[in-house]
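Questions regarding the structure given below will be posed in turn.
Letters A, B, C and D mark the chains in the order given here, with residues in each chain numbered from 1 onward.
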Amino acid sequence: MGLARATQKEPYALNLNLKYLTIEWLQRRGVDLEDIASLVYTIQKKYVPGLTIEYCRESVERVLEKREVQNAVFTGLSLDEMAEKGLFEEPLSEMLCSDDGLYGIDEVLALSIVNIYGSIGLTNFGYLDKVKPGILGKINQEKGERVNTFLDDLVAAIAAAAAARIAHQSRDRRGGG
Amino acid sequence: MGLARATQKEPYALNLNLKYLTIEWLQRRGVDLEDIASLVYTIQKKYVPGLTIEYCRESVERVLEKREVQNAVFTGLSLDEMAEKGLFEEPLSEMLCSDDGLYGIDEVLALSIVNIYGSIGLTNFGYLDKVKPGILGKINQEKGERVNTFLDDLVAAIAAAAAARIAHQSRDRRGGG
Amino acid sequence: MGLARATQKEPYALNLNLKYLTIEWLQRRGVDLEDIASLVYTIQKKYVPGLTIEYCRESVERVLEKREVQNAVFTGLSLDEMAEKGLFEEPLSEMLCSDDGLYGIDEVLALSIVNIYGSIGLTNFGYLDKVKPGILGKINQEKGERVNTFLDDLVAAIAAAAAARIAHQSRDRRGGG
Amino acid sequence: MGLARATQKEPYALNLNLKYLTIEWLQRRGVDLEDIASLVYTIQKKYVPGLTIEYCRESVERVLEKREVQNAVFTGLSLDEMAEKGLFEEPLSEMLCSDDGLYGIDEVLALSIVNIYGSIGLTNFGYLDKVKPGILGKINQEKGERVNTFLDDLVAAIAAAAAARIAHQSRDRRGGG
């Protein structure tokens, strides 16, 4: 695969390289940076005057440079794809394919992303995961044909972390003024 | 104080005793078991046919028997009350009194409650904390006169944990049928 | 497979059934209940007078009845086995096969187990994971031939949770005396 | 108080200002940056060739610039000091003064620090908290005269986070070489 070859030339531990791989993996499952930036804008616009989609997108990119986030995405999306291909034994296969509400490991992985900027992202994550605006609604509707058990939680978590990052920065700027 | 004396006769480590103390502390801050049971009912009624307020209340009581939950309540409500009395130094005092969005320790304590029944309570916690139905709206309006920085997150977390407990039980019953 | 067939007769959501499946999956990777009970005994014996291996084993069994624990084991051990078979793309494949210290998702899953009995298991988990007594040393030595990236953290987490459960019970008994 | 006045001139939200306040609060409880840097050196020296105490100290300083870390320190040390002054009601007072093994909120706060650089700090935190090298042993011996229930966990957590930060950086440098 092209991905595998790219990582042989440059060591994969180079965070920038891993960041672009992470973006590719998300796109492969139908999610663009713009989709996630829109979620960030939705939850943060009323708190940050003059917030732009571009600024939200930049914050999403910073989140995707974190190793913990990259590893959660690689692991979660691999689980979704392999469940789709029927590679897991029972009872894991059925839990993943039906997005079993008691499975919980999808939320565990998402939490490891949300925590990157502290606990203040927690509320936004829960809200996004429940209300499912924008791309999250689309991901949710695809369930049935596709396995998106990890995808929706990962996307909500990345958006919540990017929003928490903006909240921290917005405060620091005003504080330092 | 009556509370202190009660714990000298019977050792406080007796969980039942601590449970009733926890309920008293919550009532002292204006929150009854029924208020929390209503939150549980609100978020769980569409998933569990025939769910009753009584059953929700019982689930809240089970949650309040857990030591981790009791300790989070004792600690968080003490922080609220002592902030109200102006006992903290800066910068902690201002962060607690203004319910600073970057403080985050209130969410950290809440998370330790939500996790008691696994990560499936996370989404409900985030939703309750954002939308603030029922008693949570009332707690939020009191801010200004009172310090409820920990109270609202603790109440949302107890409700989310009790809802997660019901979700687990509902599934087990059907599974075992 | 025998496992898959067993779950068709009785619904997998039956926790007891899932418990025995969890034990089978651990045995398949070379870990018996007795191995985990020994870890519990090692870390808890100096705190609980008269502690027996049998009591530790019973506590491990109670931990394995929790859905969050079962799901973490199914997911983690599947990831180990599929990495062994070379089923993952890069960069995930290399991270799993080399037990990359920056991967972190193994610790994330373990933490979801440790948290089941509150945060008091955290210290024991960290200690077991660093010092690697008993079965943990054996699992660690197998690395190279096998992928045990998740296995060692899962086993340490189950032992730490079972020890935390004993600590809670020991206190409650004395408290109630 | 001098601290309170300092924060009136410059807004406390300025992270650098809060960083120096955090260092002052730790020193007030008997812990210097050098003490924490030594812990980092102890756990990381065998993994990072050429590691120096100065580099460890710098990593500790970076950790102390994070708001979540600062807030955990302010909150935990206030709880220790107020418990020392007998300001809490029972049962919280006794739990804090005896460093009750079932209290758990100290570990919860510590975990929010450890998580700042992902879950890879978890093992080091548990190890430090159990083995108590250097300053941690000294803090532990003071218990009895002083309340250090939160102090020891906070210091172990800051050291574990600083070690995790070095592990990430060390890898990135080699990866990018």
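Note that contacts are C-beta pairs under 8 Å (C-beta built on N, C-alpha and C of every residue); 3 or more make two chains touch, one makes a residue touch a chain.
All figures in this text were calculated on a predicted structure; none of them were measured in a lab.
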item	value
Which listed pair, B-C, A-B or C-D, duplicates the contacts of A-D in over half of its pairs	B-C
Rounded Å distance, chain B centre to chain D centre (Cα mean)	27
Where chain A touches two or more other chains at once, by residue number	12-13, 67-68, 102, 104-105, 108, 111-112, 118-119, 168, 171
Chain-level touch network, classified as line, ring, star, complete or other	complete
Contact footprint of chain A on chain D as seen in their complex	11-15, 66-68, 112, 115-116, 118-119, 168, 171-172, 174-176
Interfacial residue positions of chain D with respect to chain C in the complex	47, 101-102, 104-105, 107-108, 110-111, 118-120, 122-131, 167-168, 171
Contacting residues of chain A [partner chain C, same complex]	1, 3-4, 7, 12-13, 18, 21, 67-68, 71-72, 74-75, 78-79, 82, 87-92, 94-95, 102-105, 108-109, 111-112
